[in-house]
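As structure tokens, the structure follows; a few thoughts come after it.
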Amino acid sequence: MGSNIILIGLAGVLAAAAPVIFATIGETLTERSGVINLSVNGSILLSAMAGFATAVRTDSLLLGFLAGMAVGAGVALVVAFSSITLKQSQVAVGFVLTLMCRDLAYFLGNPVMGVSGPRVAALPIPVLSQIPIIGPLFFNQDMVTYLSYVAIFVAFIWIFKTRAGLVLQGVGERPAAAFVRGANVNRMRYFYTILGGALVGLAGPAYSLSVKAGWKGTISGLDGIGWIALALTIFGGWNPLRAALGAYLFALLQWLGLVLQPSLPNIPSQVLQVAPFPLMILTLLLVNIGNTEWVERTLAGLPEDARRFLTRILRALRTSPPASLGVPFDQE
Amino acid sequence: MLKSKSFWTNLAFQVAAVVLALLFTTLVLLLAGAPPLEAFRNILIGSFGSTTKISDVLVSWIPLMLATTGLLVTFSAGLWNIGIEGQITLGAIFSTWLLKLLQSTSLPTPLILILAILAGMLGGALWAALAGALKTFGGVNEIFGGLGLNFVATALTIWLIFGPWKRPGIGSMSGTEPFKEHLWLPLISGFRLSPWALLIAVVGVAVVYWLLQGTYFGLRLKAVGKNMRAAFMLGIPTSRYMMSAFMICGAFAGLAGAVQVTAVYHRLIPSISSGYGYLGLLVAMLANYQILLAVPVALFFAALNIGSIQLPIVLKLDSSLSGVLQGALVLFVLMMGGVRQRWQERQQKIHKA
Amino acid sequence: MNVELIGIHKFFGPVHANDDIHLSIPSGTIQGILGENGAGKSTLMKVLSGFIHADQGQILLDGVEVHIHSPADAIKFGIGMLHQDPLDFPPMKVIDNFIVGSSGGNWVSRIFPDRVETLRAFTDLQKQFDFSIDPEAFIDTLTVGERQQLEILRLLWLGARVLILDEPTTGISTLQKVKLFAALRLLAEQGKTAIFVSHKLEDVEELCGRVAVLRQGKLVGEAAPPYNIDDLVKLMFGKTISIGVRQEIKPGSPIMTLHGLSIEDYRMRINATDLQVCEGEVIGLAGMEGSGQRIFLRTCAGLVRSVAGKIVVRETDLTGKNYPTFTRQGVAYVPASRMEEGLIPGLSLTEHFILAGEQKGMVVNREEATVVTKQRIVEFSIRGTPDTTVEALSGGNQQRALLALMKTPLSLILMEHPTRGLDVESAIYIWRKLKERCRQGTAILFISSDLDEILDYSDRILVFFAGKVSQPLDATQTTVEQLGQLIGGKGW
């Protein structure tokens, strides 16, 4: 009986993670091509609002999701244009857009605040959802969550198993070499940035039409998800599987925080609410610290065994970004 | 002859950017079903319509200018100090703490206020040092480190307001117990503006201007910002300079927080930083990282903020329209800068042939 | 395939990089293109390989005029270019690197590349040339020579019938050179064409069936074997160049002593090395890139910390100390990548001299600094003004600026690739200035891929191979062949 509640809770975790999965997978694809889309946070808010507002006005969930994706792709197009064609700083453009899209979301979303709207229905898969434990966990979800599973695997296979994926890796690592081999680097960067943006734009409605239906303006729990997705992209080593793992871990920790809150009355609720962010910093720390000079020097000063051991740990934790990330490519 | 030509070209592109930003905002207004001209008119009235409004604009300008000034130091070092919001908040927290500590003592009021302001600077500098250490010694990108710490700072504020520092009775979103009037930074009678705060802001701008333009520190900082590796090889202690940049900016942010507590709200409220940190980043970008240009830009942005307070009252629109306009301005100026570069490159190619 | 270049002109701004070049290369030839740095060889090859477009002129392949719009276009026509730093993907595997750029046969392999098939083709091809590259290895673990071999295989697999090689013998071992030359001869026998671009006379002399010499953008002469070296030199430089008599500088008292120094990085380990460097001495560090000489040099500057052993500079034990401490003891480090690690783009020459000079008070005195800068500009013959930003300077002038920024006096100068990419005049000037320092008692350790430079300027030579350090060799007693062998791991 108790295990049933846990299963339901965990199933909820999988569903709650879906928006983060979409955003992280999208950003992974974008960054693999060498572009950083820093506007993710604002993009998600804007697409969440747009998706919800569209769904309310047209009474169609599908149009809501499409609207969200269109918004995400549109914002990404601005990022792509500014950084690839106009060669402006990706960080600057992304940052301005993240702020502006947030304000746009609040401004345009004012009329639909607190309004109740359509919500994606649960869709248990026949047969599969009857399998003990795995069934209710994975296959008693809604369409959005199923899509998130698909996204992970398609992205993984695409990047690592297909020819186009190898070219994508090449473009991210050394655009000059990819160009020499016939890849239209800048066109590919546009494509993957917009594609990634569309996925980010899917994350918004995935939240406002499924996880926590409705648009509640500044009080929604959605502000900050975009930054987590950006950090998870790094933590995931630009690998969809590892990034998804991080996303599920993150959702799990949030859920644990809610669940354990009543049994820990002495810890203020803010601690558990804000816990993801120090955790994000901690993971980034672990991932990067092996690269710093002082660590290298300290390691060199240690006795052989300690040094070998620590180096191996740090090496396992380390992730390296695609070498051309953030650097514009002059295709002449 | 050639020099003035490029001056007019640049100006033309800047003007085009402003026009595009206005057009974009108009579109957004139309999308929201609101009358654009009415909205702009209300913003203007809301910011310059009366002396009270003008003084309110100045009150808003002060923390914004302080934040921007600090950010220009970190930008000089090549850093995106997104954590500035949290640094303002920590400045406010430290100030509040000191005022609470000394409010019932018999120390002369001016001394208490000076200490509160210094405490604010300390709080901001310490919080910035945290982000700085994460970056310098932990390799954590300052954007993520700063953001995470921003969220922590906000949570800390809420906890203080609803916990140890809550008002007698019940904790509320209106903040902590307001300080008695004698602990307020003296204001111009009838207005909410403090001439002392204004002085602090102006002095701050002058100090940073001198620091960045005329001193060895400023030049070394610039070197670190443009090429950290080469700066290190030339003998500049880059870690020390990066940490200094963070802490100077943190001190200015803390100063802004202290001003918010002692001169504006006279207590700690949940969103004491009021977005001045992020807005300061936009001001710095729009002013092309030139401190003298940042002064009027900050004034303009402050005017937009104050002016758009009218919008919910008069037109039932959300006041975040000012954020949309501010963002649009920076975005289009950035993009136009790129367009201008491409256009100039094309011109050069044509003249070569 | 016959290649014909007719009336090629290319301008870079006011610089006439290629001036009316006519060249005809029949198939089955190994054509040498000689010229010193800056003569226009690279430009011409970039035009032929589709990297840039000529302003005027035609390219004919087998008598038919072609328009090559991009490097990918070029390979479709059968022209493949091997760059000095091969354009490959460091973190990827050899086999994946092979796949990128090829297209699949049927529609399935267009989406999912057939690794098995590609592996088979790869193995068969490399057997022809006696190459032995592990297809599952990661590119960043290969040496430059192996990456070259890989790129040659890849270009041939894609159907290249003309192979352009840009300065291929810099930084590879003797054995790798032997294999490369054998491969090129085999290709020539098969009727393919190889174009060998170099500034190295001996290589061109040994390998090429014909030679064309470029100087200052023009084709100044062609030759066929047997070659007259002096004639070729005169064509290349327009005059006879002599480096000058090797100056014997008597070494003085010890400046730096290394005892049992061990250095480790994730790829290799240098074990227990001893060395003593005396005043006025020049020690050349030779070896293929990635053999350890760079990390060794950086350890001598305190940029990297050793894992065992001692470093003593002028009686002060500096073991484990950091770079600022070393600089205070009179050690200077000059990196190879001038714009990435040496100079600060966006800052002017004056600002660099302010940063490198003594600090007087808090405020910067710009007038005074400008005066000092003007003096240095004259002293080091730098083509620029005090307000010129350093990225606007040419490579040679950037290197002069780096020299000018060094303090005086110095105990030890550590230089990575002092004359990489510079024309002969600048290179000779740089070494003249360095030798002046030696006369004042400064010792120099330098890395170079140019064996001639190592032999011409060093008193003693250390050879590095996979982390192994040779005993110091007497430069006057060593030949190029011996050096090449050691670099390739033979004779240890």
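Per-chain numbering from 1; labels A, B and C assigned in written order.
The working rule: a residue touches a chain if its C-beta (ideal position, glycine included) is under 8 Å from a C-beta of that chain, and two chains touch if they have at least 3 such contacts.
Note that the structure is a prediction, hence the values are computed from the model and not measured.
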| item | value |
| --- | --- |
| Longest centre-to-centre distance from chain B, chain (CA-based) | C |
| Chain closest to the assembly centre - both centres taken as Cα means | A |
| Rounded Å distance, chain A centre to chain C centre (Cα mean) | 42 |
| Inter-centroid spacing, chain B versus chain A (mean Cα positions, whole Å) | 29 |
| Centre-of-Cα separation between chain C and chain B, whole angstrom | 48 |
| In the complex, chain B residues that touch chain C | 214-217, 219-220, 222-223, 226-227, 229-237, 352 |
| Touching residues (chain side chain A, partner chain C) in the complex | 161-164, 166-167, 169-170, 173-174, 176-183, 296-297, 300-301, 304, 307, 311, 315, 320, 323, 332 |
| Touching residues on chain C, where the partner in the complex is chain A | 52, 70-72, 75, 87-92, 96, 99-101, 104, 109-113, 264, 266, 304-307, 320, 322 |
| In the complex, chain C residues that touch chain B | 11, 13, 323-324, 327, 333, 335, 340-347, 351-352, 354-356, 359, 362-364, 405 |
| Residue numbers on chain B that touch chain A, as the complex places them | 28, 31-32, 80, 82, 134, 137-141, 143-145, 147-149, 151-152, 154-156, 158-159, 162-163, 278, 281-282, 285, 317-318, 320-324, 326-328, 330-331, 334-335, 337-339, 341-342 |
